[in-house]
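Given below, in the form of structure tokens, are the structures.
Presented sequentially are two complexes of chain A, the first with chain B as partner and the second with chain C.
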Partner chain A sequence: MKTTNIYINGMACISPQESLDKSQFLEVAIEHTGNQLSCIEPKYKDFIPPMQARRMSRILKMCNVAAQISLKDAGVEKPDAIEIATGLGCMADSEKFLKSIIDNGEEMLTPTAFIQSTHNTIGGQLALALGVNNQNFTFSHNDLSFEHALLDSLMLIRENEARNVLLGGADEITENTHIIKEKLGLLKMNAGSNFDILTDETSGTIEGEGASFFVLSPDKANSCYGKLTDLSFGYKPTDMADLEKGIIKLLSKHNLKIEDLSLVISGYNGDQQNDEIFKTLGARLFKSTPQAYYKHLCGDYMTSSAFSLWLAARIMKEQKIPKIINLNEIGQGPINHIFIHNQASNNNHSFILLSKC
Partner chain B sequence: MNELIDKLKGEIIEQLNLEDIEPEDIDAADPLFGDGLGLDSIDALELIVLLEKEYGLKIDDPKKGKEIFHSINTLAEYIQKNQ
Partner chain C sequence: MSERVFVTGIGTISAIGNDIESTFHSLLDSKSGVGPIRHLKTKHSNDFVAGEVNHSNEELRMMAGLSEDFICTRTALLGIIAAREAVKNAGLSNLDMETTGLISATTIGGMDKSEIHYHDYIQGDNLEYAKTHPCGDNTEKIAEALGITGFSTTISTACSSSANAIMFGARMIKSGQLDRVVVGGTDALSKFTLNGFNSLMILDKEPCKPFDENRKGLNLGEGAAYLVLESANAIDLTGKTPLCEVTGYANANDAFHQTASSPTGEGPFLSMKRALEKAGLSPGDISYINAHGTGTDNNDMTEGLAIQRLFGEYVPKFSSTKAFTGHTLGAAGAIEAIISILAIMNGFVPPSLNIKTPVSDHYIRPQKEALLNQVIEHVLSNSFGFGGNDSSLLFSKLRK
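Take a look at the complex of A and B:
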């Protein structure tokens, strides 16, 4: 791929925090109790006409609003492409449709839930709302869904196929998937405050949801939040040294060393086994680097890495690290490079390097 | 008849998720599609299912659909005649 600078010119995030509020940046973090962090939703009527909103499930409304705000933020009316990441798609409508199949003995099924239940409904609805007839892709690759949508966006821009790409990552909590996750032992059963996930020594995580949207472009706008310097993946590292070697190699591609990183954001989710990798890296490779975590704010879901990119971009623009995400006490200097590391079960690792505009 | 009309208004609002619309906002003589309530083809499918599920009525001749679903009044008349 060609080396083209790619900027985040606009973004918006709906999450279990007041992330749409531009007047403050996680100064007042919202505390949730239990293993489920639901989004703080905007007044949809302010953004979507009622006759359109009536057929939209929560995830569709969240995406519509986040997309609108991010485009406005970037000063873009119509993007050249839409790239959506979602682990589970429009699950609420899928559940509704499946339930109606059972309840009605496979007869008299209503069309709306069926039509809206597919993974690519989000991208389709956005295309209709924005009048975009160009590339419209949806990536559903479990915990790497967002990174793959991001990769495709970067490739589109580098290959000069698009100048403004609307990229989004979204997932929603639904009653049945929550029960299934509990039964699979993926969630903490006696979770207290979301702020205590790192001190809670039980297994499992806390479930979250959200919709984070970005407008990416090779043209730097006045609204620019940060430059996407690199995105890379790691698959089943043989050991910690192998993982560290990969990170060092990625940084060296950009003439950077560990000491050049202003902040490392890691995907701690409160599960002891999952977090062991982050703890070890934090104590070795990043021992002298300011470190942060974020899933206590948004919960864990397949596209939560989109929240981490929103968080990093906002930190970069504001040159300020919110206290609520600090993992260590290492003093903060000018913020030039933020490294985001996410992983699931030590199988799939993703690394995003965001630099100052 | 009036009772059936009121019941239909409530069912249509619920089934089609017509946010911000109350039964008294709907004029039973107004067209359901186009200028009136502004329903579309997906709503038509929802109404066909509603008719079958709630009133046990199937529309055998699709050509009559336009006439039956013209307004709440025409729909109520069809139900009353055929139930």
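Take a look at the complex of A and C:
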């Protein structure tokens, strides 16, 4: 790919934390009890006409608001392209229509939920609201959905197909998918505080949700949060050395060494098996690097890496690491490069490198 | 951005054939695959016709060569069969698969299982299928069956999904990130979509009549299709002769309504126009358009108007092949891409079936009979979807 500097000029995140509040940055983290972290939702009537909001599911409303705020933050009225990531799509509307098919025996169905059940409803409605006639893709590839939408955003800018790209990652919790995730053994059954997921020695994670939107551009605005230096992937590493080699290679492409990293943010989710790889990397490659985690704040969901990018970008801009995410006691200096590592079942790893504007 | 993108293999399964050869013969013989619903368990099996793949899940599993313990949906089974054919057609070895990417599209993912087992899942039963619900799981199953271990992703943009998967694959090659990638899409017929389109009142109970004045709606279908795309570098290394070239593509948004197209067909107009621009071609260069042509009042009217607006007086031959396959949703873009490629390879124009009276508000006229011995240089293939998501792909005969 051609190298072009790409900046995050605006962003907004709706999450189980007060992440829309610009006056504070996780100084007061919200504690949740149990295996479900629901979003702190904004007052929708401040953003969406009530008539319109009534027809919209939570995920659509959250995305609409996060998109509006991120565009305003970047000073962009109309983006050139829209890139959306969602692991499970518009789940509430999908289930609503599915349930009505089953419960009504395939009779007397109304189309609203069906119309809004497709994965690209989020992107379609944003195009409609903003009048964007250009590319509008939706990636839905499990835990890599957001990284792939990010990849496409970077490609569009580098291909000169777009200057301002609106990129969003979102998933929503529904009552029944939550139950199904419990039955599948994916969630902690006797979860206490979300702040304790790393010390509680049980399997499973805590479910979260959220909508995080970003405005990316090759033009650095005054509002710039950080520069997206690179994004890469690691597939089925043969062993730890193979995984480490991939990380070192990515850094060296940008003339960086591990020592140059101001912070590593890893996708610990509280599941012992899942976290093993982060622990090992933390004790080896990153042993002298400040380390942080984030899923105790937003919960685990397929597009939670969008929250991690929001977190990294805010840290970069404010030059401050919130205490609640620290994994070790290594003191921080100026923050120049943040490395974000996510992975699922050690098959698919993603690495995002964010640098100072 | 000079990197060229070649098609080196194709594979498909739909109501008109289990492979490329049978598909081509059905098209030549004007033999539609739309008929009674036999395999999908729905209350509406006698109310509607559909383009169903006439095999049970067990038969598909046998065709895919998969054992019982390979847990997957019908969507994934169809995908595996078509993707295998494409890979074989491209002459790729197991070793090649390690350096091959996969970009697969689907609209419903594992809904064909979820709609049967939804209440079971909540009770904690049949959970092995619960994991197959996400769109991404179907792609991972296809990757696993094919031995693809590198980059794979899933695009879900309603009825333009697989056209966008092809486009994204072409861009991954152009940007030098992949040398070889399997691209396409798959969707199984489901109660979810059948009832969904029924609730929108856009299903025709009879075989659909795209571009007919008295069209009554669409027929649903199911199927899968995949293309192998390779870079010029990859072609140079193997000395392979490609089937054709991907020369243009564009995705535009109508930004008008969640399900209906704008009266002027702005999105379709833009996607076709930009695909031509990307290829550096003018409207007069196009030999054939494989239209989206669903058979709904709204789509065919606006697509026709957009074609008239772009092409003016000299409109190339065009047809919709939806009356053959039904509307296969997330697979449609890829199935029709393959029909477009067959047109180029065989100097062939497939017909629009079931037309008695052409649309009176259009001056353009669809091709009603199959044509052979045509000079087909450049083919435009349209796919439009919910959310105003409009895509056009442009395939070209190899330059000598």
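As a convention for this text, the second predicted complex is superposed on the first by the 357 of 357 C-alpha atoms of A that agree within 3 Å, B and C clash if a C-alpha of one lies under 4 Å from a C-alpha of the other, contacts with A are read in each partner's own complex, and residues count from 1 in each chain.
In this text, contacts are C-beta pairs under 8 Å (C-beta built on N, C-alpha and C of every residue); 3 or more make two chains touch, one makes a residue touch a chain.
Note that this is a predicted model, so its numbers are computed, not measured.
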{"item": "Combined model on chain A: chain C and chain B, fit or clash", "value": "fit"}
{"item": "Partner chain(s) touched by A:I115 [first = chain B, second = chain C, both, neither]", "value": "both"}
{"item": "Touch count on chain A, higher of chain B and chain C", "value": "C"}
{"item": "Which of chain B and chain C A:F139 touches, first, second, both or neither", "value": "second"}
{"item": "Touching partner for A:P50 - first (chain B), second (chain C), both, neither", "value": "first"}
{"item": "Touched partner set for A:R158, first chain B, second chain C, both or neither", "value": "second"}
{"item": "Chain B versus chain C as contact partner of A:G331, first or second or both or neither", "value": "neither"}
{"item": "After superposition on chain A, the shortest CA separation from chain B to chain C (Å)", "value": "8"}
{"item": "Residues of chain A contacting chain B in one complex and chain C in the other", "value": "109-111, 115"}
{"item": "Residue numbers on chain B that touch chain A, as the complex places them", "value": "15-20, 38, 42, 45-46, 49, 52-53"}
{"item": "Footprint of chain B on chain A - complex, ascending", "value": "45, 50-51, 53-55, 104, 108-112, 115"}
{"item": "Interface residues, chain C side, partner chain A - complex", "value": "1, 42-44, 107, 109, 111, 114-115, 118-119, 121-124, 127, 130-131, 133-137, 139-140, 149-158, 164, 168, 171-172, 174-177, 191-192, 195-196, 198-200, 251-259, 266-267, 270, 385-389"}
{"item": "Contact set on chain A toward chain C in their complex", "value": "1-2, 82, 87-89, 94-95, 97-99, 101-102, 105-107, 109-111, 114-121, 123-125, 127-128, 130-142, 144-145, 148, 152, 155, 158-159, 176, 179-180, 183-184, 233, 235-236, 302"}
